[in-house]
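Some structures are shown below for you to check.
Below are two complexes that have chain A in common, paired first with chain B and then with chain C.
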Partner chain A sequence: MAEVKSDLTAAPNRFTSAAKSLRGEWLGLAVILLLALFPFLFGWFTGTSVQDGPSKFWQGQLITFFIMAVYAMSYDLLIGYTGILSFGHAAFFGGGAYTMGLFLTHIGPKIIGSYKITIGAADITEVLVLVAATLLVVVVVTLLGLLFSVVSARIKGVYFAMISLAMADAIHILSKATDFGKWTGADEGLHGIPVPMWINPTQHRLLFYFIALAFCVIMYLIARRMVDSPTGRVFVALRENESRVRMIGYNPVTYRTLSFVVAAVIAGLAGALFSLWNMGATPTMTSAVTTINALIMTILGGIGTLIGPILGAGLMQIVGQFFYQWFGARWPLVFGLIFIALVLFLPYGVVGTYRLKRLEWKQGWQRLWGLVAGK
Partner chain B sequence: MTAEREILLEAKNLQKEFGGLVAVDDVSVAIYARTLHSIIGPNGAGKTTLFNLLSGMMDPTRGQVFYQGKDITGLAPHRRAHLGIGRSFQITNIFPNLTVLENVRLAAQAVGRDNFRMFQRAGSFPAYEEKAREVLGRVGLQGREGVLAQVLPHGDKRKLELGIMLASDPHLLLLDEPTAGMSSEQVPALLDIIRAIMADGDKTIVLVEHRMDMVMSISDRITVMHQGQVLAEGTPHEIATNQTVQSAYLGALYGDLAKELEDNVG
Partner chain C sequence: MRLGFFRRNATMLVVLGLIAVLGVIGWTTMGQQPFVRTTLSGLTIGALYFMVASGLTLIFGLMDVLNFAHGTMFMLGAYLGWQFYTNPTFLFGLFPLIFALLAGLVTSPILRSTFMHLNVSEKAQKTIQTAVALAGIALIVLAVRGLDILGLAETAMVATMSMGNPLAEASAQEPLAVFWFRPVLMFLAGLLLAAAAARPGDRTQVVYAGDKRQAWIISGSLAVLTVTATLFRESAPNAVLLWNGNLRFFAALAVGALCGAGLSAAVEVSLIRPLYIRPLYQVIVTLGLAYVLRETIQVLWDPLAYQMTRPPMFSQPGKAENILAWFSGQNLTVDVLGVTFPSYRLFIIVLGVLMVIALSLLMNYSRLGMIIRAGVQDRTMVEALGINVRKVFTIVFMLGAGLAALGGIGAAPFIPVQPNMGDAFQLQAFIVVVIGGMGSYSGAAIGALLLGLARAFGDYLALKFSLSPAIAEASTVIIMAIVLLVRPAGLFGKKE
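Entry: the complex of A and B
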């Protein structure tokens, strides 16, 4: 286990040459273009409407993927770049989802009922409610991020991982507590959140598709720029060697806090968008399952790469879509075994392994042997 | 020695206890500006622990540290770094998965004003990279900029260790056994680096070293530590001829070293 952990935090991080990154940019642009055209291409090829039928279904699949990709990326900022092992990421995702859901359910209608704010003929009250809800999400998850970073300043490593798990669990318990059932729906969660009609994902799937795609692209660009900024470089240094970081003049607490807040805000916004997409917020979103999802997506794709978690989210989406069909109720077992094999043989994930241009067959068998022989 | 004898760093009655063990025992020492002051002593004498107290990596059980006349006891290491205190480590302490250039660039960036530009590329601040390249040239690592630090041979890692410290242009350099693990052939190059730093004119070095020939030839003053305490302090000549040092420490523990000392100081 110790070896696996050190593998995780020692993810390869090579600064790519300018030529290589330019090629990467063209590839990225092509992918974005393809995704933007997807609904139309799909409709064109299958001769179906863009607005409903299979096109609508696959748009839905991709919307989930875009949102989960952002969520996974936010986790990568923490674990892959800053080297913070946190098992509480669901607190941010679920926190964002519930903040959005609660606001739209309990406060939004009151505002819309009593005010009418217009620009010319256009009623922008609903838009403003959505903006206010989003701002509130940012505030709430920022506070959550600060809370986690305060604890992480005192407790390190695996101990922090355990504490973070407990902290997220506290949020989870709050989210399903019967005491607040009147507002949160307790175990059931919030359902039928009154999402403004113009953005309603059932009515306006295509619009929602573009919103989710834009969200994913923008968050990726922000995260990418951040990890390559002077601040982001310090995040990586912190992952590599905290004592040296301190001695050369950086305050680790400041940078860990920043990393936490940024990761929390991005995860929280992903959660908020997910609640709009589902028109609901359920205790699953704050549960350990959601944290484990982030972990799996990140490791699968390649930790410390940003693009890896996006791929990981895609893989998870496929797994979620097809494994049940293929393996029935046994699918978690099959997936678990595949995941163990991946961690043993591709500890740097898909992207990390591609960059290293090297498979770890020998080391993989050694690790497996280590597990079996109990070494 | 400098004429005005301005004290840059002063430890007053420093004490560090680990459980029952007193690693640093009532140590008082004054480091004069623009001098090279060596600290010697057998393994476990408390030299590295003293460095940990001076650099802020550890808090003393008792006693105080003054820098430029100000009490800096309890000040965090990153704040001391901004005051101009740099430190290199006995056990190589680098960023293994980053390039050689990035290792040093990070240290140069640390003392600049751009650490919180979260939405600009690190590459748009070329001054830090230039500084890093210049430092790498000084420590003899030019041409290795793009290599991952972890694949450097040991001798080069020691140079990188120094480079990281130099990149922030510290006034006071705490060097903990820079030659640790180096072969004798690699030592002269390192000595040249240290001499070049001193030739700068405004640097102060505190050096922990086991190689007596080196210590004797480049030190302005030497403090001898033994079991956490200061056994003696003086010029190389005074130390080499000091009876207490001879009998209690060098004679008993470093039999042939005592001879070597005399040979070197002559």
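Entry: the complex of A and C
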């Protein structure tokens, strides 16, 4: 009995776990170091400047990758750990992007125009505006997350998948409604958001690169800490057997809400950073396509692994880049076929399959044959 | 007895009563003309919602599959039906190939009885299976190589441009002397795939005599169909194009629905069935499928929006004084209670109502309907009674997709035919299904009615307060929220 209990609730001692994770994650550290040095290494190898040219282009690609990785990761928290099938994730991403964009476009300039806050000689008004915008993003997406989790407390499973899709679509429709065109730019979206000069992605690409990298790493650490904590264990338990969780004495609603809010905040922050990076927020960011992208990235990398979605985001970025060159405008067709094959043959994604240490090829064919033979 | 009726249909009566009360309020505040016009457009939208939602709800109720490709079936039905209506050359060119492949595929039980006794070591079985299957797929590729399907967008464009005489623009087909090898190759490919499915050397299989006889019959009739389709391939399109436009339109309705049903049967058997053990992946696979089908459509027809012409029955100039007058005049518009309304939209409403009636007859008075209703209640019990539920699954999947495809071709004459035409309908159909309760077709009907009316009146109100229709579209989510707060399982859903 004691064993069972310790199994369920024991969090690894914080210090040993930190030390262990440092020892276990040397590969991760190496990758982060490599990514941090990437702009310089690239510039050194090709003999071009770090600030512009191909180096700048690849930095841009990696920035998109970092942001999408965080977004996919937040989706994995929901679908992979808590087991909530939600098709409304774009609402958080787009909600964050629009909040950031709207604040910086319509409220930021007014504040900067009428107030001047300084520390000594340094003018920190712009910084404060950005901080305020970020806080607002957190508040807005938290509210959105709460809204979704209130619904998810009442409706379960596939029902919720449909309803979350409809809810996200309502937000999508509002984001492109002409009624708010004065503020949101309707179909066109927001363009030319006045991003503060010192983190402007076109002028200070390198700085933005490091911000995005740091954002990705920090969010990963937060998410990792979250899923490794006792709370994270309850998430997994919710996925596996909800009534048992309730029986042990945890309130499923609380934990589902928590999971939703955390995922929403992470996705919203990713969206906000994306709007800074694009200097724009478009209705595409709230559309179902964005949700499906998160799903594809997660499936591609492996559900419930956190690191998988990151890899998935990278793969998608690379694949999108090259498939466009190879197959032209209709590359999603090839991609979709590969995706279906993946679901049939590699259901645990890249990371999941690696962890299982065996390929699912055989099972995939068996599945395929079982059906033709009409078993 | 009479009290029982009220008790059983309490929800339905309450909802209908609510609609009636709102209707009276609307009539008095809006005035007759705007009210009738708005109601009629609400009914039109509701009828289309029902066509998509009824299949969705049956599929979900019986099989627990959330079909994200359902809106794509709507779109596909529209494309195929419209293609049949304007220029059926392409479809007639494809029929022999499909029939030939199927004729080969269904021989699996026949082959099994001999192939299972072959002496193949257990290790080699998998390899042989895979090799044979790959050979089959290679044959399919060979058979369709060089087939002119990419020119479809051009012919479609031409067909749209020259509404008067599509016949003159019908592209020439391969002569039979060149074409004949394609169906033959397809048949061989089907045989190979069937052989692989028969699992040569695996003696643990059971062969039922009935299956074998059935396979002979089906394969034989498909072979006859193949030959017929090959022979009529060149002349049939011309014959169809010479038909009266109305006849062609009704044939297009049937063709669209049947093609949608056939395709979805293939989808169910090949993609959904292997994943019953992992329901999450079923959802994901339908998502991927929707993606692929939409892209395929864009490859074949180019990402353009087409406009299907209304059949002559609904396009004679002028206005019919009443519905009876329309039967003789076949006018573009009909005067309904003082409102000039397009006659085609009335046809959509009639089609929707017919579908509700047909579906309720099917569900209540046929053996299949009985099995479906029982399956929605308790699938395991139905299986225990010795009914092959898997077969019923396929049929329901076909039925649902067929209804959606019929809705698509029905909608084609008044909304643009384009790759994403099904998406909005699918989304609203989700809401309809959630409102009505999963697995209940009457719930879907009521939900579709509610949502259609809500959309139409929402649009009216939005216009009145100079808002965009987008607000009305988003407000349907609020209706869903209200219904779910009152009844979490939907209006007619089974209680968990």
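Throughout what follows, the second predicted complex is superposed on the first by the 343 of 375 C-alpha atoms of A that agree within 3 Å, B and C clash if a C-alpha of one lies under 4 Å from a C-alpha of the other, contacts with A are read in each partner's own complex, and residues count from 1 in each chain.
The working rule: a residue touches a chain if its C-beta (ideal position, glycine included) is under 8 Å from a C-beta of that chain, and two chains touch if they have at least 3 such contacts.
Just so it is clear, the structure is predicted and the values come from calculations on it, not from any experiment.
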{"item": "Overlay on chain A: chain C relative to chain B, clash or fit", "value": "fit"}
{"item": "Partner chain(s) touched by A:179 [first = chain B, second = chain C, both, neither]", "value": "second"}
{"item": "First, second, both or neither for A:321, with chain B first and chain C second", "value": "neither"}
{"item": "First, second, both or neither for A:46, with chain B first and chain C second", "value": "neither"}
{"item": "First (chain B), second (chain C), both or neither touched by A:347", "value": "second"}
{"item": "First, second, both or neither for A:162, with chain B first and chain C second", "value": "second"}
{"item": "First, second, both or neither for A:202, with chain B first and chain C second", "value": "neither"}
{"item": "Touched partner set for A:246, first chain B, second chain C, both or neither", "value": "first"}
{"item": "Between chain B and chain C, more extensive residue contact with chain A", "value": "C"}
{"item": "Touching partner for A:336 - first (chain B), second (chain C), both, neither", "value": "second"}
{"item": "Chain C versus chain B - closest C-alpha approach in the superposed model, Å", "value": "10"}
{"item": "Of chain A, residues touching chain C in the complex", "value": "85, 151, 154-155, 158-159, 161-163, 165-167, 169-170, 173-174, 176-179, 288, 292, 295, 299, 330, 332-333, 335-337, 339-340, 343-344, 347, 362, 365, 367-374"}
{"item": "In the complex with chain B, residue positions of chain A that touch it", "value": "10-15, 222, 225-226, 228-234, 236-237, 240-241, 243-252, 258, 262"}
{"item": "Sites on chain B touched by chain A in the complex", "value": "55, 57, 76-78, 81-82, 86-87, 89, 93-99, 102, 105-107, 109-111, 114-123, 125, 148, 164-165, 167-168"}
{"item": "Of chain C, residues touching chain A in the complex", "value": "60, 64, 66, 108, 126, 129-130, 193, 196-199, 205, 269-271, 273-275, 278-281, 283-285, 287-289, 291-292, 295-296, 298-299, 423, 427, 430-431, 433-434, 438, 467-468, 470-471, 473-474, 476-477, 480-481, 484-485, 488"}
